[in-house]
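These notes open a run of structures that come right after.
First chain A sits with chain B, and in the next complex the same chain sits with chain C.
== the complex of A and B ==
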């Protein structure tokens, strides 16, 4: 008998250990996959750069003199250097995996620093020519153009064998996700600003003011049903309702941040209502009673005693909501668009980090590396928000006891 | 001849179909401690809660008969319940301070009545805490969270919170049942002090407590008032056999 029981215990324990192991291992593997794929591209430039490169067309005025700077020792073997033009170039790959030529070094006496903007309409205008930019082509008067695909070495030898330059086309690095990050934060802010007050007050109504009758129960089950509706259906609703509405009443002319925020707010409402209601429910009735016994009316009791006691739960609801905003992509494809933008306007199309991942992965071939890097950024944002809200709610809980 | 604060005539109380109180007739005297005793489920807490209409919170609860507070029937339509509750305070079984500072707990009631002046509030808080015999223990940490106090201190804080409204009556629903003997003793001393200024109605399961602190004792059984008299008389020569059986521990 005792042996049989031991065996049974052992069996159940093994199952729990095994299940826990699988769960933890799977989660860790996902994180590992994302980090291994993404960490190479992760740098500060990625977060602050524009997605689209700015192109410059530079040309030289007559009367320049050549550089006389020797190749500095700090430059490595890979850097190809032209003493005449004071320019060091290196081959590299961009975040999408294309070959590029990066300006690694510009000597102080390089004639290229005197270039003017060929495309300027306001006469001669000097332009920025700095390390870190990409050279896409150099055109000459006396021979064929050298292009990115010929490589840095050929480009330098072409430069060394000429005296004049017709045009240099170069650009900033680009490929950054600054726009998507800003859109994500805008979206969080606007969505929470819409959904949180409505959600909290609805929950207060349902839990504190509404009579306990059939209608309230039906309302409550409807809200629960909404929690389970796939978000892409809300996305369709956003496209059908909020996009036309925002086009009608604002200066927007397509899907935009506002319509996206409204759509997300609708998705979040049931989540916020339920979480808030749960936290209101666990406020002990004795607090309500003692407030009423002190001659406070129902409204005072609700807002001065019940709501503050439920605050930690409401903060958790907010955190959940923010997580949903950051993670949502299906609904936003319709409601906000997939256009990666650098200049964010709340009335224009733009894209969040999650939708950005979706855009990267839908291309052939999919850019898994950059997608993973964005995933790391998302994870870091969620983690930071999590910690901040935990700290705040800890403070509240300490203040509340 | 002392004044009557509450005059209860033929009070019947129902929870749905269940009759919890039947035909209660009691007068509650001014500046006296009235103890309500009886076995669990006899209706004494229900009776106490009907005195400040806390039973209103229970949907299925209905009442017939009269409860006159200062010669007004409190169950008359249009009666100002909020006003009643400011005059009839209540202390509950479990200490239930609000999750805020000690100061805010005591100032809660006055603030709900619209008192905003800091000086007046300070004065009310201080005098209430002094009356509830807890001021010396908390005067240096009025901003501390009320939940950091011990159970006995929390209960005295709840009494201070009730006193802050300057009520005429304080209803106490087994205020010491969740406390240890020392905290209980402090509350009992406090009750004896408070009766100079307030009328107190206390529900208790502890017969010794009723004997120690009350002037009048009412014995409830199965929703009926069996007997009410001076505490001395109830505990020495009860009129009813049932009362004697209960207080001598033969049942209940």
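== the complex of A and C ==
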């Protein structure tokens, strides 16, 4: 081998290494980026909290007595404590990075527990005042209001030097993604319930019943074409077909979960049909022939012999479908909308995790941190699904030899 | 009377058949209906989107006047005049933008993808190949919105700084370059996976023949195997460009949504058919709402034509038999 040729070979070899390295680098970069930006907000509260904070305007009635609880030892140095009101406050940052004051501790004999809702229209209504809520404002009769930006320390010293309180404005900690998670789960359930039967039956027909003729070919290629349609076009279809249909036949009055599910079901059909057909094809013909020879009819053979053998394949199809539902964004922006909601109704607007990321990023300024945290959740689910699919197909291949 | 007679004889015939066969027919019909439903959706999509998308062209849009088709397809400003009061919509420049971006992203992702595929299939040791295959699968399974997030968090910053070094002001990095980079990352796994299958399916005899003639391993890989896998590689390119043309959310986060064009400069904002559809979602009636469906028709036609042309080229080019 001449030297020149060796050099050339070496060069070509190197660029293949380089190309492969880029794939690995991309994957690591994506994961790194998402985790570095998102891990700070990742806690259990994020998954269970509402997105919108609920605000309360609390006021005190005459005739309360002050607390006499000393600062408990369990509270750290950072907690500012008022003995008089039995209240421990601490400075913190919320998920958008703004300064907030969190209620760290409320003594059992605190007069603040007796607060009623000032803005209630139904007379005196008692309200919750618990640890974990945040205080945005305390107004007094005899001096200026203490606000969040003055910090917990000033707020506590203001409290200590007063006898009466005009109003405390406090709220739950918002910014959670509970609503989007619930929507995503609903959507997965309804979509699978629609798409799985139709997809499986279609695959069975195409593989077990259909004759080899022109009509079958046409049906097959019509389904095949669906795979190449971009998801935003499915979204337009959902908007043009399923949204009006659901508005007409249900109590919905805008894009809703049902229209979203139907749209997703159409997207998933080719995926499910293909995966099911693949697994039906692997079932050896000898099984079908023996079943038919034993006197079973075509239906019995299909349901009792072929389908059970193809079950792992169908399971894979389902998992693929779930992954697709979680990741889908473009179609759903049209088919269920981008409104982030806390109370989920299947006839109402709401949004999934993916679309939630999109709306967070479209906001000015974009909330990359919360978006990354949601992305971590999505990536975790997708990765787990991938691993399960791999395990199933490995088993499937082993079992069928 | 005759009809009734005919019906009753038919019924008797059916009754004569045994019960099992009877069930078979019913089940078969049931499955056939499912299949017809599945197959009909593509027709529903075409019919309904066309029906909605054609409204701005054939009605007078509540007094605004109908949209001129020629102007719509060739113009260089998305909307002249104020929204809700103008019918002067154009997507001509957006079509060019879309094709330009898809082509550029393919120029990056096709060589990278094919080389990665070659590495996995022929060069890498078995363990490493298995690892890389998993990496590619994972990349393929990452939802597009996460690519969009990555794009606006990392690639925009990179492009912004890069432009800064060159002394060019870019609008926060939102540009042709950022869009192309995001799209090429997204199409990379598709191209790699399909190319790899076609490279692996090249016959051993061709490979051995080349080696026996004295070609080195690397020469064989590049000159013989890649050439033999041509048609599969081309197929992967077609799929990749399809994905690039139809991608919406990720693109809308990095394109910058230019309202006029076409944009050919790398560091200027751009817009694609899909990102245009995602803009201004607040309208719910009238021309500003229906025009989205018209853009949808254009997108479908663009994708279809691209596919037809590329498939034609593929037939001309991919003459080597691949198993």
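Here are some notes:
Following the convention adopted for this analysis, the second predicted complex is superposed on the first by the 350 of 401 C-alpha atoms of A that agree within 3 Å, B and C clash if a C-alpha of one lies under 4 Å from a C-alpha of the other, contacts with A are read in each partner's own complex, and residues count from 1 in each chain.
Basically, contacts are C-beta pairs under 8 Å (C-beta built on N, C-alpha and C of every residue); 3 or more make two chains touch, one makes a residue touch a chain.
This structure is a prediction, so every number in the text was calculated from the model and none was measured.
In the superposition on chain A, contact of A:230 is made with chain C only, not with chain B.
In the superposed pair of complexes, A:386 makes contact with chain C only, with no contact to chain B.
Contacts of A:309 after superposition: chain B is touched, whereas chain C is not reached.
Contacts of A:212 after superposition: chain B is touched, whereas chain C is not reached.
By the touch criterion defined above, A:202 reaches chain C but does not reach chain B. Shared-chain residue A:139: touches no atom of chain B or chain C. After overlaying the two complexes on the shared chain, residue contacts for A:289 are found with chain B alone; chain C is out of touch.
When the shared chain is aligned, chain C comes close enough to touch A:9, but chain B does not.
Taking chain A as the reference chain, the count of touched residues is higher for C when chain B and chain C are set side by side.
In the superposition on chain A, the residues of chain A contacting both chain B and chain C are 297, 300. Looking at the complex, you find that chain C touches chain A at residues 20-21, 23-24, 27-28, 30-32, 34-45, 48-49, 51-52, 111-113, 115-116, 118-120, 123-124, 132, 135-139, 141-150, 152-154, 185, 188-189, 192, 216-219, 221-222, 242-243, 245-249, 252-253, 274, 277-278, 281, 292-293, 296, 299-300, 303, 307. Contacts from chain A toward chain C in the complex involve residues 1, 5, 8-9, 12-13, 15-20, 22-24, 26-27, 29-30, 33-34, 37, 197-199, 201-202, 204-206, 209-210, 218-219, 222-223, 225-226, 228-234, 236-237, 240-241, 266, 269, 273, 297-300, 302, 323, 326-330, 333, 338, 354-355, 357-358, 361-362, 366, 368, 371-372, 375, 378-379, 382-383, 385-386.
Those residues of chain A whose C-beta lies close enough to touch chain B in the complex are 212, 284, 286-297, 300, 304-305, 308-309, 398-401.
Note for the complex: chain B touches chain A at residues 52, 54, 57, 59, 82-83, 85-86, 89-90, 92, 94, 96, 98-100, 108-109, 112-113, 145-148, 158, 161-162, 165.
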